[in-house]
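Below you'll find the structures, each written out as structure tokens.
Here subunit A shows up in two complexes: once beside subunit B, once beside subunit C.
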Partner chain A sequence: MTSTSLPVTAQAAPPDVAAVPAAAEKPARSRRQTLVVVVGLLAAIAVPALTFPAFWLFLAAQVAAYAIATLGLNVLYGRTGQLSLAQATFMGAGAYTGYVLGSQGQAPLVQLLAVVAVSLVVGAVVAVPTLRLSGLRLALVTLAVGELFAWVLVHTSPLTGGSQGANVEPLVIGPLDASVPLFAYLLGLLPALLATALVLHLDRTQLGRRMLLVRDSELAARATGVPIIQTKIVSFLLASVFAGIAGWLYGGINGFVSPPDFNLFASVYLLVAVVIGGARSVLGAWVGAAYIVVLPQVFTALGIPNLYALVGGALLALVALLAPDGLVGLARSAVGRRRRTA
Partner chain B sequence: MDGLTQVLAGGVTQGCLYALMLLGVLVVFQVSKVMSFAYGQVGMVAALTAWAVTTVGVPVALALVIGAAAAVLLNGAIDVVAIRRIPTDRVGLDLVVTLGLFLLIAAVMQQLVDSNSHSFPALGADTQTTVLGARISVNDAAVVALAVVVVTGAWLVLSRTSLGTNLRACAEDADIAASTGIDVRALRTGTWAVAGLLAAVVAVAVASRVAVDAFYMTSVLVKVFIAGMIGGLDRFWPPLLAAVGLGVYESLAVATFGADAGVPAVFLLIIVVLSVVPKRFVLDTSEARA
Partner chain C sequence: MTTAPGISIRDLTVAYGAFRAIEELTVEVPAGRIVGVVGPNGAGKTTLLNAITGFTHVSGGSIHLDEVAVQDWTVRRRVAAGVVRGFQTVRLMERESVMTNVLVGLERTRQPFVLAQLFGLPSQPRSRRRDLDAANAVITRLGLADVVHQRVDALPFASRRLVEVARVLVSRPSVVLLDEPAAGLDQAGRHELAAVLTQVHAEDGCTMVVVEHDVDLVQRLCQHALALDSGHLISEGPPADVFATPEVQVAYFGRSLDAQA
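== the complex of A and B ==
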């Protein structure tokens, strides 16, 4: 009896001994991490608001708006594996819905509700016929939808301004007027932070895990009873609503919308942004949004605006080949290596 | 009646251009299991290079040879530098990488030449004769004849020669093909180079009809892909016939509903076709990476 119980005690002891301090440290570490994240977040919000000149604050507002769209593509492509070239189309649907209603004097809340409703409809229209498709076929059909949308925009000039585009009334919600850079920044940032929190929360939900399984293996997903069609539809709808709201904010902040903002190339650049930042990372979506808004300005300031497309193409090919998890993934693995060697 | 003949003639010519380009896409896809979004840009490089060298006094014929050589080298280089490095288990990565190359090639050509549209030499497009009531240009006749000769030649090579057998062996199972002594890598790169030549021929023919810029081949490539999707990328004749049919359909849509109807007609077609065809035709079992 003694001889048999001793080894059991001996085996059980190490985990117990190790577990007690670990369990005690965990909440403390978790609290520290939360505090660091909250302080970092507040600093990230406050620094641009307090220190950026008006032009860069205005760009920061656009980054926030674009981040909502890239977060949507992060859900659709990065998490669910659906290669869509219609993300800019979804953005355009939101932007033009906001423009049309805004020009008729509708309140921002009405605009927002209409943007969400239109985005849901457009997302469903794209999602349902493409549920059976993947890879190139899905890319091609979503591309076709985008080209049709651009065609409709150009050929409905009385409503949309046609190929010349249209001036959009600045978004005004309460005291926040998007024609003032600081307020534009806040108007873009607050929904973007909400979208970020939603996508982060997705990781902890069953839906988020279903998306990952659909991305990695539809066969495995089917075998484990994951409703693939439902998961894909929800993913498309999330991407569409995120992009629609992003487009609405972009129009209200930028003050102008035109078909080239939402054509095939705009969709490709959104994909570039998501892949470069890291298709599976929330931080990557922000990095991608910053890339898409800030880099053209940097090249313009340097007097070489044409290099943006060149660098974009090269980066997309290189990052996709050499760093599948994007710049964020690259940075994380570098930090991990450094910690291991330290 | 004459009007319909004219529309059909124009549609068949356009469809033959799509078929020629699709032939390159099919051969590359079947051997490498890759779809390249940069394929149209390879053709654009040929046409824009040819245009650029004609502006410094090089004769048109030599300029076309230089352009075609550039396309052959570029498409071969794309395989060696990028495509070979794509892991086979990364589904869809070929599309993302070639989208990057698409942007890169366009931007490089904009830097090397410029961002403007240019008129290309007509290459017989302005010399017309009447056949069965339809006005046919020398350029049109050359495109149709070339398409018939090249497609038939390709079919004969694939079905009657040892090279064709090797290519089909690679398409079926590259590992087994390699174990029998076939140089799969060289064969694949050669296929990409030949596809580059086809893209150059089509791009030059298209350039003789429309203005040339860094993106003028994008819509052609999309339509070529659409024909491939409709006909099936792992077959030979059905997608090529679908390409000719797509040209005729587009021409009929433009003749019926006006010049602006071409784009929505084609894109609605692909949406409807891929959405309603039986599921077995849209499964990706043979198109894992694409």
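== the complex of A and C ==
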């Protein structure tokens, strides 16, 4: 694009076969756009670290931890279209695995490996029987898994603290001690950035496209030769591993875990958050995580904690009716309109 | 050049309960030709296409690609062997870009293992470049280059139809099956589609089966036509001859044509 002031459409250039642009997955970003993204990202990371008081820095750490769980749901629901009400359960499995091993003095690396292993098992257990289900029936099965998990927790109280919950040792990895707010923030943020990069990378892979086609038309997926069952299983496993790691980090940062953190309501809130943010959007997953962690605190600070559920419901209804691509999609199309008219 | 197989249908019966959508049909689709399948609604055209692609069970008889019997193969195995279809109703990823919708059609070409894809192992960039080039080539060929990065739900119907055709063609299948690709297109769109398909066929040398209502399009596009009625073959041969046979005229046009003629 040159800076000519002539209206571009008035005299279309003759089609030039040699000038076919190199194939690219997405339109090329201008240098300015790249700069805006990089500066914005750095600011979003640095501002909390440098300016937030301790309490809010802890909240930011939790947002990052939750973002890993919402990114998992972005993969499972937003991309693959599988409605799961077990995401908080997967978080709980990770959180309690970390807690039990941590209380026995196991190193973080051992905890992490165990969290991943447990998540893979739990994810597979949920995924395999649900492969022939979809939509609401799938949601019901995942819901039952959540109830089962709550039952297990209450009936293994010597190990898990039962319904009273349990105090988790702060996570310490190398010099990063989660009892220090700044380090807690980094402990949440670094894995969350890795998870973000992984999900963004999906857009560049056939695996990511398989998921989208399974979501939008299983018939077309069959006709294209997509391994539908394998794709669903991979999605479930990614979602459960993401959630498990998120739960593990949440426990180690928050210092306390209890069954209500991981019950049906928690799962519903995760799903609502992802839909509100924009189920297929990576940025939407972050918006959703912030929504889950920050909004209840805001309402509590205002002395009206019950409003959270109410606002959540209203917001969900509004988004579902007016913005099928979530808040991020809404913002994007607004920016797009302004660009076109400018 | 790909050596496109011919398709032999032998005594094929597809029954749904007592209803026989196709009954003891024996017909040859010659290798490397564009074959039109015509007939009134309920003639068994789509059922035939479903049987060839594995989307419906076969109650009796056999389907051969050259001499290989494929009637018991899964859909995926047939796709891998190069048998790729489109749908009567456009089935796209509506909120994704044209590029994404076409790229996904490369599934049947060799793709890296899931873990290699997920973690971006070294094999990835090369296969990615190859895939992008293949997609870009077919997108340009179908005249979609200007909208390559647009979401398909923002496109007019004719373009979305072309996106689906692009998804079918991108992997250069040896057998292409299209189910009423011109449905919903206007005259100009149909002519354009016929031109594009003719060109693709000339370059790729595939065997192409096109289920189509539109007489003009079949005559324009197809070198051979099969006329079905109530699950039976009633005529085959050059499209002009097929449309001229009295049985086809009665089955296809009713009696109104006699009045006009």
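For the reader, a short list of remarks on this structure follows.
Everything below uses one rule, namely that the second predicted complex is superposed on the first by the 307 of 342 C-alpha atoms of A that agree within 3 Å, B and C clash if a C-alpha of one lies under 4 Å from a C-alpha of the other, contacts with A are read in each partner's own complex, and residues count from 1 in each chain.
Operating definition for what follows: a residue touches a chain if its C-beta (ideal position, glycine included) is under 8 Å from a C-beta of that chain, and two chains touch if they have at least 3 such contacts.
Everything quoted here is computed from the prediction, not taken from an experiment.
By the touch criterion defined above, A:174 reaches neither subunit B nor subunit C. Contacts of A:227 after superposition on the shared chain: subunit C is touched, whereas subunit B is not.
Of the two partner chains placed around the shared chain by superposition, neither subunit B nor subunit C is touched by A:303.
Once the two complexes are overlaid on the shared chain, A:105 sits clear of subunit B and of subunit C alike.
When the shared chain is aligned, subunit C comes close enough to touch A:207, but subunit B does not. In the superposition on chain A, no contact is made by A:158 with either subunit B or subunit C. Considering their complex, residues 20-27, 198, 201-202, 204-207, 209-210, 212-213, 215-217, 219-220, 222-227, 230, 234, 238, 280, 325 of subunit A touch subunit C. For subunit B in complex with subunit A, the residues that touch the partner chain are 35, 82, 85-86, 90-93, 95-108, 110-111, 115, 218, 222, 225-226, 229, 260, 263-264, 267-268, 270-271, 274-275, 279, 282, 284, 287, 289-290. Interface residues of subunit A facing subunit B in the complex, by the touch rule stated above, are 81, 83, 129-130, 132-137, 139-141, 143-145, 147-148, 151, 155, 264, 268, 271-272, 275, 306-307, 309-310, 312-318, 320-321, 324. Listing the residues of subunit C that touch subunit A in their complex gives 53, 55, 75-76, 79-80, 84-87, 91-97, 99-100, 103-108, 111-112, 114, 117-120, 124, 128, 131-133, 135-136, 140, 145, 149, 167.
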